[in-house]
Amino acid sequence: MAEPASPQAPVLALERLSKSFGALTVTRDVTLDVRPAEVHALIGPNGAGKTSLIAQIAGALAPDAGRILFAGADVTRLGMARRARRGLGRVFQISNVVGAFTSLENVALAAIVAGGRTFRCWRPALSDRAALEQARAMLERVGLADRMATPAAALSHGERRALELAMCLVQEPKLLLLDEPMAGTGRAESERLTALLAGLKGRIPILLVEHDMATVFALADRISVLISGAIAITGTPETVRADAVVRQAYLGDEEAV
Amino acid sequence: MTAALFFSQLLNGLQLGVILFLVAAGLTLVFGVMDFINLAHGVQYMLGAYLVAVLSAWSGSFAFGLAAGLLAALALGFVMEVLVFRHLTRRDHLEQVLATFGLILVVTEGVRMIFGSAPLPFPVPAALNGTVTLFEGLNYPVWRLVILAVGVAVAVLLWVLVNRTRAGMLVRAGSTHPQTVAALGVDVDRLFLFVFAFGAMLAGLAGAMAGPLVSVEPTMGDKVLILAFVVVVIGGIGSIKGAFVAAILVGLVDTVGRAFLPDLLRTLVGKSAAATAGPTLSSMLIYLLMALVLSFRPSGLFGGRPS
Amino acid sequence: MSARAAGGGAGFAFLFRPAVLIALFALALAVAVWSGSGYAPTIIARTAILALAAVSLSFLIGQAGLVSFGHAAPLGIGAYAVLIAGEYGVTNALVLFPLGFAAAALWSAATGVIALRTRGVYFIMITLAFAQMLFYVAGSLSAFGGDDGLGIAARATFFGQRFLRTDTDLAVFAIAALGVTLLVLERLSAAPFGLMLRTGRANEEKLASLGLDPFVHRLVALAAAGGIAGIAGVLLANQVEYVSPATMNWHVSGELIVMVVLGGTKRLGGAVLGAVAVMVIDETLGHFTEFWKFGLGLVILGAVLLRGADLTQLIRGTAHG
Amino acid sequence: MPASPTRRLVALALASTALAATALAAPAAALADPVKVGFVSTLSGPPAALGVHMRDGFLLAVKELGGKLGGQPTEVIVVDDELKPDVAVSKVKALMERDKVDIVAGTVFSNVLMAIQKPVLANETFLISANAGPSPLAGKGCSPFFFSASYQNDQVHSVMGQYAQDKGFKRVILITPNYQAGKDAMAGFKRNFKGEVVEEIFTQLGQLDFSAELAKIQAAKPDAIFTFMPGGMGVNLVKQYQQAGLAGQIPFLSSFTIDETTLPATQDAAVGLLSGAEWAPNLDTPQNKAFVAAYEKEYGIVPSLYAAQGYDAAMLIDGALKATGGKVSDKEAFRKALASAPFKSVRGDFSFNTNGFPIQDFYVVKAVKRPDGRYATEIQSKVFDNAADAYVAECPLK
């Protein structure tokens, strides 16, 4: 399934990735890329292997075969932390923030890590003005200006999503990997988040894994459909919407949305 | 070194392994199903030995003592679960360690108050005393063969229970996917109650089997507890199969190490160096084994998820 | 994070502050000296030394989430450093303390490289395994008393000056060491370094997704805690004037964990209170009955079961109730 | 919300008192200045049985003397050393500095004695061992303030070496735990045994399973084995020795392995096995008959040598106090009184050498089942007569 060669090199490219657990193949010869400034959505029915694929891209799971290229380098053998240091920002499916820390502390933490100041041993972390300034600015940008002193555990679901996004963004990633950002959010929150992501569109390339078709079709430049671990089709939203196979296998029940 | 000596050392290793398996099986189940660190498991081993020793002496019959002692161990398991353990199931590992450490002190000292510090008599049942000639040049104590047989029988029984029954399926699932089991509508607390009491009885059985071999005293569980933890960790937490393999491995490594390492060292590094290094090395052999296994497989031989 | 880790809280929380704890120790020592008791300084010195070891373990458990069941090993290394150096005629404190710190830190780092591959219960057990190995090695050192151990040549000196002549001298020194350690470890905890440890403890995956593998941070924490335990070992050897493998027995590691957990791991000061509590129980119950461990067991069991979980909450509970 | 100043003050006072008060715990109003004896024994952990026997023997003597030693009201403060040297040192310092004891006695194990001897002797407090007898204290490290009411460790092992030599055993296997006392035991045995030592087997301290070692012994078929396995280890070994069918075949020579602390557990498995000792319950002296009868009546069990030594230690202190009119304060006088061994030992002949260790007889004893159904050791034969230890020459005291 060859795409026409892009004039610009992709930020992320998966080459013939495969992964099996015993007899169960969760990733089947997957080839996929994310181009600069593009929002690329990955959709597929439950059990299609989206979570496993994300885990391989993030570095939590090692593929059996194939390569992962990120920012021009082969990162297949690198761990999660080193991929993140190269600019792979990830927002988890289940909100992953440090519940006991306040919003500000969470983002400041990310800023300190991004600044490479983790081995400072004497001055308190919260006296790091640079990190705090960055964190405040970022929280304002994601609409959490009034929740800075709230412990993350006390935030609403959508707010935690936004917080996690802020932690990612403060690190100035080269690519955002969003794992179902809308899962579990109410309609109002989901609209706010969609607007937030729309604001990022064009500035940071995004690989978006999402169930919510409204969001996907609102944001995506291209869509790939994963069925039984394999990519069924990659194309523009219109192409995908029109595809008979996809309609039958997946979109049929979503038509109402 | 004769074939008979080598074979008897092999049997010795297997038999030590089997005792360790009996203790470790209950520990790994409780570990796996409820993610519970139970330091007091060694105390249950000690109680088993005491109960069977006292009841056998009182009734004059080992068979009765064993049956009644195991039932009592089971009952004590229920009581301990209700009084102490169920209040700790969803707590931090450290709190479990602390509370069960406290329980060790209470039970050990309680037993000492009742029975004194001196070891209790626990002779081999008369019918099973003495040795049998397995083949020319190899006489082997009958009781050790009995232990071997009991251990293998329990291993088979556990295998059937865990792999062929509904309860076993729940236990297996519970150790890897506790939420799923709860979602199936299973009362996880009750499952734990039974698993815990059953584990206590297995530990008691191990104590009863070891009783005629070792000194039956209040602190007899301490050392066995550490060995059992070593076995559980090498095998992988929650895995009965892992516990069995690791127990046999530890039993063999320990026994064979003690039997042949000093001789081996003597030929390698000379007599005087071997005299000091040999015993030290064979003492730490199982810890070496554990460190080695964990540095290559950080979740043990058969451990699934790193917990 | 640091705000809640270092201060605040109502009622008796101020008891956990390093300055208050050190003042308490100093006050107790002053009362003891004033009353002319020969023994009280001994027990105060001993308590401060054990508290020092417990605080270093509390740093590992509370900040880094590394539950070491082998903390008796660096403690023992510190003690053996005194014994072995003494056998070669070295008693200068300026050599002994750095030596004890370095040897214990080196041990903790070297074993940590392997141990940090594991997590949770596996980490608990692999640290125990390493400590047990060292225990057996110490027992086989015939030149240094083997399993029986050996008396040290003399207490540490400062260029020939015997500055640790009495247990009161030793108590002053141990309390000072405890104070400095509390101060340094509190700064370390509040600093980015400690923040990374705590984040790694709470959510390792998140930290990795931010681009930080906390391995080196943890290794440094292990080495630092080990080194401090080594200092405690140096002090212990000087106080007892006898060194034996019993110091490295797994029971000692277990008792240190009891102190830490009893005092609560949220604040480093908790470990100090835990150490004081264990010593007080030991010293009081121990005089009434040979079965005093029964009482200790009941206290521990009760403390955990009554939802107190640790002294921190227990104190708060009574303060509010 | 900050706590009120008063509340802080109260808390501060409470907490520091807790720390200081436990340490101080001032001795309750001193009554007519009784003689104070601090008794250090191992009362917890696996070897607690030995410590209990030793303590009970000592307390029995004090009770028989009407709660007095040397006619003086006596307070015995018993502490548990937990078999940890550092704990023992801390508790002994409490005995000397808080309780102001006149005499420290007890100690089952050599490592505990070696740890506490330094602070005790440096303080010029009298130290009387009721069991442990490590060689440094008998030789170069001897002290005018130290006396042993027991034996020097090596002597008991030498008894068995001499016995093996006398019996004409040619090939012997030695098996002891891998620690200093174990190595000393082997050295002590070999001092008087001139035959071939086929193998020296070192086992782990606290070892549970001896199958590997027993298989070796079975294969080597020596004339006898010699072992030193105190406490629970001895119980394990004896039970497994019998089960392996070796008990009737290869003579079992031992020290501190077969005694009345372990016989109740090993019972028939131990019957016929031999041990070296300086005492046995059936030793025929009037003092011993009375002691054994009183002990069995008081505690319902047969006394062991630890009990006998504890009893002797109390009688020794009693005799010395009588000689000085109840005073310990004149240390030279009290020392001279102790050195003259002014008491009738349950062991019969008993006098002190220049290093404070006894000169006494040693026997081979054998485990038997008595007519009353109880298990005990019995004198088989006398091996050494009025024996002194091997280190006395190194002791500078005259």
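We call the chains A, B, C and D, going by the order they appear; numbering starts again at 1 in every chain.
Criterion: a contact is a pair of C-beta atoms (placed from the backbone, for glycine too) under 8 Å apart; a residue touches a chain by one contact, two chains touch by 3 or more.
These numbers come from a predicted model, not from an experiment.
Note on connectivity: the fewest steps through touching chains from subunit A to subunit D is 2. With centres set at the average Cα position, the gap from subunit B to subunit C is 32 Å.
We define each chain's centre as the mean of its Cα atoms; on that basis subunit A and subunit B are separated by 48 Å. Chain contacts: subunit C has residues 139-140, 142, 293 touching two or more partner chains.
Residues of subunit A in contact with at least two other chains: none.
Residues of subunit D found to touch two or more other chains are 43, 178. The touch graph of the protein chains shown belongs to none of the named shapes.
Those residues of subunit B lying in contact with subunit D across their complex are 2, 4-5, 8-9, 12-13, 15-16, 112, 116-124, 129-131, 139, 141-144, 210, 212-217, 219-220, 223-224, 255-256, 258-259, 262, 275, 278-280, 282-283.
Within the complex formed with subunit D, the subunit C residues making contact are 10-12, 14-15, 20, 23-25, 27-28, 31-32, 35, 37-40, 42-44, 46-47, 139-140, 142, 145-151, 167, 236, 240-242, 244, 246-247, 249, 276, 279-280, 283-284, 286-287, 290, 292-293. Interface residues of subunit A facing subunit C in the complex, by the touch rule stated above, are 58-60, 79-82, 84-85, 89-90, 92, 96-101, 105, 109-110, 112-114, 117-126, 128, 167, 171. Residues 31, 37, 84, 87-88, 91-95, 97-99, 101-110, 112-113, 226, 229-230, 233, 237, 276-277, 279-280, 283-284, 287-288, 290-291, 294-295, 298-300, 303, 306-307 of subunit B touch subunit C in their complex. On the side of subunit C, the complex with subunit A involves touching residues 1-4, 6, 187-188, 190-196, 199, 202-203, 205-213, 217, 220.
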